[in-house]
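Both complexes below contain chain A, partnered by chain B and then by chain C.
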Partner chain A sequence: MKVPIQKLTDLGLGVFNWVDDRLHVKKIWESTAGHHVPQSAGSWFYVFGSATLLCFMLQLVTGIMLALVYVPSADEAYATLEYLTYHQQLGWFLRAMHYWGSDFMVGIMLLHMTQVYLFGAYKYPREITWLSGLALLVCTLGLAFTGQVMRFDEDAYWGLGIGASIMGRVPFIGQQLVDFMLGGQIIASETLSRFFALHVFVLPGAVIALVSLHLRMVLTKGINEYPVPGMLVRRETYDKEYAAILKKEGVPFFPKAIDKDIITSAFVIGGIVACAFFFGPKGPGGPADPLQINANPRPDFWFLWIFSIAALMPAEIETFALLVGPAVVGLILVALPFLNGTGEKSWRRRPVAVIVTLLVWISLGILTYLGTTSPWSPVMNAWSAEVTPDAQILHRTPLQLQGAITLQYKQCRNCHAIEGLGGERGPSLSDVGMRLTKPQLVRQVVQGGGNMPAYGQNLSPSEVEALVAYMITLRAEGVPPARDVTLSRNTKN
Partner chain B sequence: MNQESDQAPITDAPCACSPSTPCEDPKKKTRREFMLALGLGLNAIAGAAVGIPLLGYVFSSFLKPHELDWVILGSVEKFPEGKTRLGNYKNPFHRSWDGSTADIPCWVRRIKGNEFQVFAINCAHLGCPVRWFEESKLFMCPCHGGAYYEDGERAAGPPPRGLYTYEFKIDNGNLMILAGALPTLAQPNA
Partner chain C sequence: MKKALFFTPVLALTLASCNPPGKPTLADKWKSPADVSGFTNLYAQNCLGCHGDGKSIAGSITLKNPLYLSIVSEDKLRSITAGGVPGHNMPALAIENGGSLSNEQIETIVKGLIAWRDVSKLPTAPIPPYSAPLGDVAAGKAAFSQSCASCHGNDGSGGPKAGSVVDKNYLNLVSDQYLRTVTIAGRPELGCPDFANRDPATPMTPASVANITAWLSSHRLNEFNQAPTSSPANK
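Up next is the complex of A and B:
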């Protein structure tokens, strides 16, 4: 049979032309995907924006999949989550992709922001691109926070309590804000419904709108050219210079500058799928049952640094820092393209920008690391779970051994380690006999101080006597006990 | 409609007006302006009719007075003198779909006789659940290392104050507390 190729081609072309006549597909495609970009922008440094968007699209798809099963009710959410994880075919994988997709999205977005900052892309005339990017950052972090509430396990429950406690510190309208956030006076079903609405309707909608604006700005004001050291941005001349660059070395984004974005996309998707497959989804942890008070609430990875700050900040400035700090940081970021909108773009000639970037990343890294180890938290079961090493018991007198028992029984080791076993809230006791004299030890135990509770009420004088007698023996071999230099050598201390 | 106007090109430019055929009747113009103003005004009213209830719905917490209610923690006999025990109660305002979040724990310290202290489970720092350690007579928080003495006073760590307490009363041999809200620093009397 003869295939009427010509006829079929004509028919296809006819259909396309009909659609194009109605929808102007060709024109839209040319002015968007085909818009001209400087050839220098087809760089490996310019792939993070599209990769973030890709993560978001993956989140939309996997999120809709999860919504097919998930029930946003305080009574049912946890059960549906367990069903998703253990019973629904491939439910664990979808959950894992959504979880890892969110981690990747926040991470890549931060890389994108760093690149934009270091390459001066926020400068004239791309202020609105920067501002819409900031709004996207806020929405994405909002999605990550509300997302961990969807898990509705103990971390979610107490995480909401932490959020509410921060709200409660706002002067005058604190109570109203707490009730507004919780959808009531207490963490319950209306809280989950509220966060569900934010997570699946409000925030994704806002992201779609903001991405549209963000991309619209990329089309109207162009993508930032790869900065050349010494080429300064001036409001009067930049637009002409950019037009000249486009004229000289402009190429259509598709297909001439999209190659690296596409390769990155494949790796990002591959990374998410691999993490999902090998590491699986997070949790759910214990159920959101307030009666399970043996919870150790920890936030998700990207919020660990906030968790650390909350532990390490001096109590006196905490409320001020929690409420004013984010506002100040936000204000600086918003003002940046207006205060620093011209001049040098290249990071090679912006040492302050490089130092600021490094400081921020190093601080976030250290705080995140501390958040994973949380040395400030007492180890709640150290007193019943950790052994006392032999070397710390052998050759002790009965009184000293009684002290060792007191030290164990009175939960000292929840905060103080011996030979690395126990809490890190307070200093290690392995060598305390070298650091403190007997009177100092008695004072510290009875009166507390320096962030240690006073035990005067809870220890009998004989218990204190035994405890201190034991602690003096905790020192390296052959080292004499600490002594007060103001006393003469022969005085016993 | 006459033929002339059908053939004339439609443009925004002012047409050649003559006294006999004015292209825009001043009366018509005021009428159009009036209609536009009327349309905007009507929509403002319609917008308010939708918007005010919507805002009232979402921000109801700003209008509703804060309320608490008495709940029973159990017979006084359940709590031995000189001890601190975990109590729990149903949130007086719970919904049928609250699940396990309707049950709220609290620490009950019976000093002696009818002398009680009932502490909220939430740390005054950031709301994590504090645990009681009978042997060292301390409440410890698992989140940021806050610690409190037996009487709820702050002992160490970042909490800016002692534990939150519930108002209590003894009724018919039952220990009752005034409950129903998550305690935060916004309630200085808690």
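Up next is the complex of A and C:
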């Protein structure tokens, strides 16, 4: 049976008009997607906001699909992840999409924030747009952290442990905060339940509400015009100037200014799919078992810099830095549109803003790299698994060879590498014989110092002798052992 | 455009269902130390650092020494692996002794070491047994002069090719059994021949091995530089 096309079109239009009459769809569409934006805002620099939103929508879809299998119980969460990863058809790909989607979302959101800061888009009259964006960043990081907890593996367990440790340092109410966070005194099923609720109900709900507010502000106060050097923001005149820009060169967002957002969205989805395809999901690593001494937990990518700071900062300033640092940073970001809400927008005439941005990104990059390599973490099996290069064994006396064995047996290699093999927590021993004299080596081994424990109680005098005799031989060929320059000076005198 | 919208997810799912690089396999699954199996893995994680594997050398005697493996019994290997050598730098690896390996894993290591035995590389001379009582100190000095002095010096305190074997600290760190084992099996990887090849014309006899071990052991000194009461020198 052939149905006339005209008839079908009329039927479709009729249905649409019926719906529009009741929901005002056309009007909503025109006032949202069709709202006017400055033509200059159709720039490649303005695509990060929509790309972040796209990532969030992708996270919603993949998250709902994961929730069909995932069981948020301490007993079963790990097993369901293993099932998804190794047994369920395409389960690994779904997990990988969700994992990489999260990484992309945080990364693109940070790019969006950087662009907003450098383009002065936080200035009058877009204070609430900036503040809602900050709240979205906090929620997104919260989603990333709670998502890491969902794996309920060693990364999740020790990440929660560190979080609880930070909470516990809050004066007066620290213990109550820890109990509230963990749902008790320990990390258990109650902990997973409340983090699950946060991850799938509270935070996504908050993000949806905040995105609505954020977009509402975009509609009421407009998208920031592409900043022109020398064009200053004044509270008294800006609204009129912006209206004039819109009148002169305003175009409807759809279809005139959306093309770059669509192209970027395609690249973002392609990037997430490619990362999922080539790199797969993360974990699950070892189980959330505090008795597992071989655990090697690492936070997810966007938290590695915090991992580095926590590992590297001196113990004396830990509490102060962990509690006061985030509060100060948060306060500065909240106060920014009020303290610096007018004046120059263009980054070309804001050198301080450019330097601050560069410093933040370079610091994040270095700290993230350090977090990836984590040279401060001992290599726990180096003592029994890492061989010593032949050149560092050959032509040694029996005592020196016993020193080489002692070096392995007492687990020195876990922190000290020889020819790049072993831990990096302490200095390499490859050339220690050129740097330290025998008395200095004995003192260092017996008394410790410089972040190294004292081993005097754990080594017999003969073990110390053998160890030091061996370490003196660790130097480049033909180079004499280190000598004490103060001794030679005293001799001359 | 419509085709692209349809085919992109289809292509992604098709590619994802084949064997892409990101797809985890069961081999990637986390394993607890108790789940590690196979001699190669277990040896690499627990023994390699101190004993090497024949390709790499290490501070302690290589376990791929055919002579050593020919004299040590399977039970002895099992007891050393599981219980270590108390007082010396060989740790106990069995869980029941404070290590991290199950009895099954200990057994895998022992069987793997036994599989390294290679009778084709053994000397033709009568091989001294793995263990025996210490011999005569005075005869040991003479045997040492004949078989070992060319490298370690006449008094054992070091020679042109090798260091001291009578150093008090060295002797404090090794057992009599270790001295005997090295006397028999040597450290060929370091240039120290076994009992049959120090002087191929006259291989060391089981008695001279026991005597040399006794003579070396007689040089032990306690923290007061006195011979301990159990020393062969005081017997």
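One rule holds for everything that comes next: the second predicted complex is superposed on the first by the 472 of 493 C-alpha atoms of A that agree within 3 Å, B and C clash if a C-alpha of one lies under 4 Å from a C-alpha of the other, contacts with A are read in each partner's own complex, and residues count from 1 in each chain.
The rule is simple: contacts are C-beta pairs under 8 Å (C-beta built on N, C-alpha and C of every residue); 3 or more make two chains touch, one makes a residue touch a chain.
Because the structure is predicted, anything quoted here is derived from the model rather than measured.
*Asks:* Chain B versus chain C on the shared chain A, clash or fit?
*Replies:* By the criteria stated at the top, chain C and chain B fit after superposition, with no clash.
*Asks:* After superposition on the shared chain, which partner residues are touched by A:N340: those of chain B (first), chain C (second), both, or neither?
*Replies:* After superposing on A, A:N340 lies clear of both chain B and chain C.
*Asks:* So in the superposed three-chain picture, is A:Y409 touching just chain B, just chain C, both, or none of them (first/second/both/neither)?
*Replies:* Touch status of A:Y409: both partners.
*Asks:* Classify the contacts of A:N294 with the two partner chains as first (chain B alone), second (chain C alone), both, or neither.
*Replies:* A:N294: touches chain B and chain C.
*Asks:* Report, please, how wide the angle is at the C-alpha centre of chain A between chain B and chain C, in steps of 10 degrees.
*Replies:* 90
*Asks:* Just chain B (first), just chain C (second), both, or neither: which does A:S265 touch?
*Replies:* In the superposition, A:S265 touches no partner, neither chain B nor chain C.
*Asks:* For A:T85, select first, second, both or neither according to whether it touches chain B, chain C, the two together, or no partner.
*Replies:* second
*Asks:* Quick check on the superposed pair: does A:G285 touch chain B, chain C, both, or neither? Answer first, second, both or neither.
*Replies:* It touches chain C, and chain B stays clear.
*Asks:* In whole Å, how close do chain B and chain C get at the C-alpha level once superposed?
*Replies:* 6
*Asks:* Residue by residue on chain A, keep only those touching chain B in one complex and chain C in the other, then list them.
*Replies:* On chain A, the overlap between the chain B and chain C contacts is residues 287, 294, 383, 409.
*Asks:* Which bits of chain A are touching chain C when the two form their complex?
*Replies:* 82, 85-86, 89-90, 92-93, 96, 153, 273, 275-281, 283-287, 292, 294, 381-388, 390, 393-394, 396-409, 413, 460-463, 465-466, 469
*Asks:* Across the complex, what residues on chain A touch chain B?
*Replies:* Contacts found on chain A: 73-76, 78, 157-158, 161-162, 164-170, 173-180, 182, 184-190, 287-291, 293-297, 307, 310-311, 313, 315, 318-319, 376-378, 380, 383, 409-412, 414-415, 425, 448, 451-455, 457-458.
*Asks:* Please name which positions on chain C make contact with chain A in the complex.
*Replies:* Contact set of chain C toward chain A: 12-13, 15-17, 20-26, 29-30, 32-33, 44-50, 52-53, 56-60, 89-91, 158, 162-165, 167-170, 172-174, 190, 223.
*Asks:* Give every residue of chain B touching chain A within the complex, in rising order.
*Replies:* It comes out as residues 59, 61-62, 64, 66-67, 86, 88, 91, 93-105, 121-122, 125-129, 131, 133, 135-138, 140, 142-145, 147, 149-150, 155-160, 180-182, 184-187.
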